[in-house]
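First up is the structure itself, then whatever we jot down about it.
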Amino acid sequence: MENSLGKLFTITSFGESHGRCVGVTIDGCPAGLPLTEEDIQKESDKRRPGASIASTTRAEEDKVEILSGIFNGHTTGAPICLLIWNQDADSSKYEKIRFLPRPGHADYTAFTKYGGFNDFRGGGRFSGRITATMVMAGAVAKKLLNLISIEVLSHTIDIGGIRAATTGLDEIRANVEKNPLKCADLTAAAEMARVIEQAKKAGDSIGGIIEGLALNMPVGLGEPIFDTLEGDLSKAIFAIPAVKGIEFGSGFSAAGKRGSENNDPFTITDGKIVSITNNAGGILGGISNGMPIVLRVAVKPTPSIAIKQETVDIKKRQAASLLVEGRHDSCIVPRAVPVVEAMMAVTLCDFALRAGLIPKVIK
Amino acid sequence: MENSLGKLFTITSFGESHGRCVGVTIDGCPAGLPLTEEDIQKESDKRRPGASIASTTRAEEDKVEILSGIFNGHTTGAPICLLIWNQDADSSKYEKIRFLPRPGHADYTAFTKYGGFNDFRGGGRFSGRITATMVMAGAVAKKLLNLISIEVLSHTIDIGGIRAATTGLDEIRANVEKNPLKCADLTAAAEMARVIEQAKKAGDSIGGIIEGLALNMPVGLGEPIFDTLEGDLSKAIFAIPAVKGIEFGSGFSAAGKRGSENNDPFTITDGKIVSITNNAGGILGGISNGMPIVLRVAVKPTPSIAIKQETVDIKKRQAASLLVEGRHDSCIVPRAVPVVEAMMAVTLCDFALRAGLIPKVIK
Amino acid sequence: MENSLGKLFTITSFGESHGRCVGVTIDGCPAGLPLTEEDIQKESDKRRPGASIASTTRAEEDKVEILSGIFNGHTTGAPICLLIWNQDADSSKYEKIRFLPRPGHADYTAFTKYGGFNDFRGGGRFSGRITATMVMAGAVAKKLLNLISIEVLSHTIDIGGIRAATTGLDEIRANVEKNPLKCADLTAAAEMARVIEQAKKAGDSIGGIIEGLALNMPVGLGEPIFDTLEGDLSKAIFAIPAVKGIEFGSGFSAAGKRGSENNDPFTITDGKIVSITNNAGGILGGISNGMPIVLRVAVKPTPSIAIKQETVDIKKRQAASLLVEGRHDSCIVPRAVPVVEAMMAVTLCDFALRAGLIPKVIK
Amino acid sequence: MENSLGKLFTITSFGESHGRCVGVTIDGCPAGLPLTEEDIQKESDKRRPGASIASTTRAEEDKVEILSGIFNGHTTGAPICLLIWNQDADSSKYEKIRFLPRPGHADYTAFTKYGGFNDFRGGGRFSGRITATMVMAGAVAKKLLNLISIEVLSHTIDIGGIRAATTGLDEIRANVEKNPLKCADLTAAAEMARVIEQAKKAGDSIGGIIEGLALNMPVGLGEPIFDTLEGDLSKAIFAIPAVKGIEFGSGFSAAGKRGSENNDPFTITDGKIVSITNNAGGILGGISNGMPIVLRVAVKPTPSIAIKQETVDIKKRQAASLLVEGRHDSCIVPRAVPVVEAMMAVTLCDFALRAGLIPKVIK
């Protein structure tokens, strides 16, 4: 396993879905940043199922605690350990299906890779709950990015084929936290809710697409040829369970375009070099060009469904069928929205530190 | 800059398009692997423009030399340095446009990030020529993967909206090196050639999609939660210039699917646990599940076009227009095909070493 | 700050002397290792002041808790987080001297590097208490090394110039935990106790030397040219506060020797290639040669003394004098003994994993 | 093998003693640094045997070539590859002793670790010749450190027990390159020459001690708790063959001292906080305190001697004796002096970049 990410802003995640806690240690945060548990809690709460029709009703309190790295309300330069204690969870249904890997889940690969020693309860280390550690780290990263005016946003743009209309930034800022779909287009959001409801009634689940944006980007973030902005953002975002694709700017649609259409001409606006279009998604040669970073993330339908599925008994090595008990998230896309934002923030923060844009001591 | 990639199989790339050479050092290759310059040359030649209608006619001899790490025809455990000397190139056209960044290229971001000290000739460190260093490293990785029977393949599946029909593995193996489009569907290939020819006549360029496959995968490659198979493959592949999107298995189409469609049921075939479908693209929880890895890579139209474009003079900081002289690749997709294969091989080789599947000494 | 160490067995330390806790996360531990809190506690207790005449009497209970990574009594492959909650500590004396850096301590450098935001209470992140995180990690490493029969030992060989006689391994094993000096030569130990007592009476402190041994070493640990066994062991051991020197085998005395004296002739004993002498300290070319690793570590007298010292007021930037209140360890050497052992174990464990000697799943 | 070192200033060494070349790639050097082959050659020449009585007479021309990373006389931000082509060397004597490992050399450990595939000619990757790659990298590091006024010096202080008198910095600067012993005390140097001559006549070799200094240090270099200044300097210096010990400031002698003697009182001189003594060797808590860094390195007598030695035949697995033909360096200490300097420079440069003291673009 590799549970650390980042070169200068390094996060180390630990904990399991049904273990004692989930936590994250952040190493490399400059000293002098004001930071409270409320700062983290606020971001953490965005991941909460809340009123979302799409989510399970498991009441996760998810109270964030700071274990280290803060003194007199400021970061000290020392590693910041953030923790959420798990509530007691009923693991009995997982015991029953221990040797029956759920299709689409990591059960089979984890069992095989770790010789059956993996904590399978609630998906263990492969649970969506682990994204809580990402969001906590993202909260710190966002505060640092805020110092250099970088704003990171994310929102649902597609669920089950229902595509949100293009909206302005103000609508994204205003609407995303207002509706459980985390969609800026409230009309589409209502439609998405219906699609999810349909899937739910069928005991099924549905996928979607999340868009991530980074605004007020400086020119020069990214360390090619290998630590490109696209490459490191992708790596960070693929750590989110259920992500199966990512594209930047015109992305896959660029395949059908001509260079003359896809190239973004430069111009000068208010004395600043900008591009007229942004097919590049804010990145040229793996380096930010000052335009907004625009990326889209494909999220598969959550594999947890209330429908009988074919699987195998990996102990007896014979065919079996499986019906997973209990509540299921019929659509995890909205809950993944703040996680995409968090992982973008963590990555951009690392690059900003590498570019020397954030001081070692904040005054 | 960060020019090293990989944890146990670490490649370090160096060199510039119009500098003295391009080269790569491979650290972590087990001792005892038979390796000759011909082994590398063979892979390197796949990247050569050759008869491709899509490519410039610059005659790059690209003769691979081994500078270190081989003794008596075998790897020694020491770092392997592989080098290609550059031929003399005419850099005069780049001098003329030094302060006129080409839209879609890294000229502007590199100039800004490196304070104008970057070697801009032929794109310098951001040139497609740097992918020669990736292919050389990939050649070694492929030989190592061959020891554990992993086969990596890649082929063009879309150019300018012309989509190749789905073909069998045998056709991919047989046809890719036969046609300059590197497309297994020879009928589509002919059509793709026409589309490229049209773009070329218009002084324009065209994009496409490459599919990468890894066959005979063991279960268990990948080191989540951060070093997932998807994440590290993506990071490696985004190092290839012009790549703007990547997806695994059902990828973006999963967004519109239900869980019951997208989940891959398990079954037992020939005593082996397999999945009936492969929407997961061979990866569950960031770990290989033994099914073929299937990924698709979006390649933007090469930004080099023979059409006048709007840009800015970054020295005078005023609007300007630009017409880049000389030959241009009107479609770089076919030349990127072996590079995708190489970067997949490099990444899988690193994971195979991390999983302990390749011995430290090969006997 | 960089609070992670190790390539495949990676430990990440967090916490402060007077903060809520000290903790460590271990990533890369193979799955299937039986591990209990008692396993860690046992090693942790060796660091405890106990009856040692040399140590402060602060009653540190230091109860180890496992927060993650263990399931059904075994490691799971997931990161193992180990934690000790701090007892309430009186930080008032540190408040008083906040701007008066104690000579020999990290007060001045930490204040300057972290802009005064560092948690200075009890030395904060620079306290000897942080070595508790090293010992916890070492406990896991020692269990893994035990699987391949490597034994790590350490003992006091010098305090204040009192040199222990050379003893056999059995005496080291038997005597070290028996006396508060952690010295195998019980006669010398008594003398060392007197020397410490003298220093204590004078309000002063005293330094010493610790010897570390690794037995039953396989041939081939170490990854030169940069990750040599000497280099990585040194780096790990210099993380222990107060260490100012390290040597391997004949070490500094080799400077005065001739090659014919210092070279260790090879011979065959019981069918095994061994060297007749061990001036190399078990390492040739940065790689273990199968002989015991022998290293010696210089520990400076603890800078905490009850004598008035000259310093500066870093706020007023003027000369000042300082008399630190409270109890002091008059000799920290014995408490550093298990820490040297722990850091040796952590380093060797990393190298054993890199050499492929410990399986990914323990059965 | 691990042939890369450094986090932000990363050097990757390659090549073998009797292979085609030795080389090094430097990644992370800021753009805009003026750099010529002469800059590197000048440092490289210091490693040359020259007129040294202690060294072999093999005429190594060691002409440095820059392969990449420089454009218009300045660094570009891209990786800098530096290379020295090897002259033809006679490897026949190594063929003869292929299975007879030389005591004190890496022959046995390399053979075992790399399954006999290692390039054994001239010691291959374990040859002193590999230090040429360190010195080339050090030349670049020294130019960067020069920008922030850090000066790195090293000199021989002991050979075979002949101890140099303490000299001032001016004498070190003036005398080291003047005499083949690289000793600032010219009287001691003459005596050292005699000791070496005696060893040489006896077909034997002799060891020594090198002192390294870094002057004009800023406060704050070092990233504890694991990337301490002592730890990373040690790791870098132990990469030099034959180094078996290192100490900082009062080092091993601190073991016999009291805290009141060993603590360095602070005072203010010319408005600057300094310490009156420097037993800390310029480092407190793993962080530079602004005083000169002072370290001493123990170098064992070179294991190459012209005296018959006992060894084993590792193929036949039986006792054997060995008399190595040809010339030998009877003392490698003077040739290691510039290498210590280089590795100090490389390490300090990495820390200076980490502390943000050297800009990303040099203007």
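Observations on the structure shown:
Letters are used for the chains, namely A, B, C and D, taken in the order the chains are written, and counting of residues starts over at 1 for each.
The criterion applied here is as follows: a contact is a pair of C-beta atoms (placed from the backbone, for glycine too) under 8 Å apart; a residue touches a chain by one contact, two chains touch by 3 or more.
Predicted model only: the values in this text are computed from it and were never measured.
Considering the contact criterion stated above, the chains in touch with subunit A and with subunit D alike are B, C. At the far end from subunit A, in terms of centres built from Cα atoms, lies D. Separation between the centroids of subunit B and subunit C, computed from CA atoms only, is 46 Å. With centres set at the average Cα position, the gap from subunit B to subunit D is 39 Å.
Chain centres here are Cα averages; for subunit C and subunit D they lie 27 Å apart. In subunit A, the residues that touch at least two other chains are 1-4, 7, 13, 113, 125, 355, 360.
Across the complex, subunit D meets subunit B through its residues 1-4, 10, 12-16, 19-21, 23, 25, 27-28, 31-32, 67-69, 71-72, 74-81, 83, 113-115, 117-119, 121, 124-125, 360-363.
Contacts from subunit C toward subunit B in the complex involve residues 7-8, 354-356, 359-360.
If you check the complex, the residues on subunit A that touch subunit B are 1-5, 7, 13, 101, 103-106, 108-110, 112-113, 125-126, 130, 158-161, 199, 202, 204-209, 219-220, 222-228, 230-232, 234-239, 241, 243-252, 254-268, 271, 273, 275-276, 279-281, 284-289, 298-305, 307, 309-312, 314, 317-319, 355.
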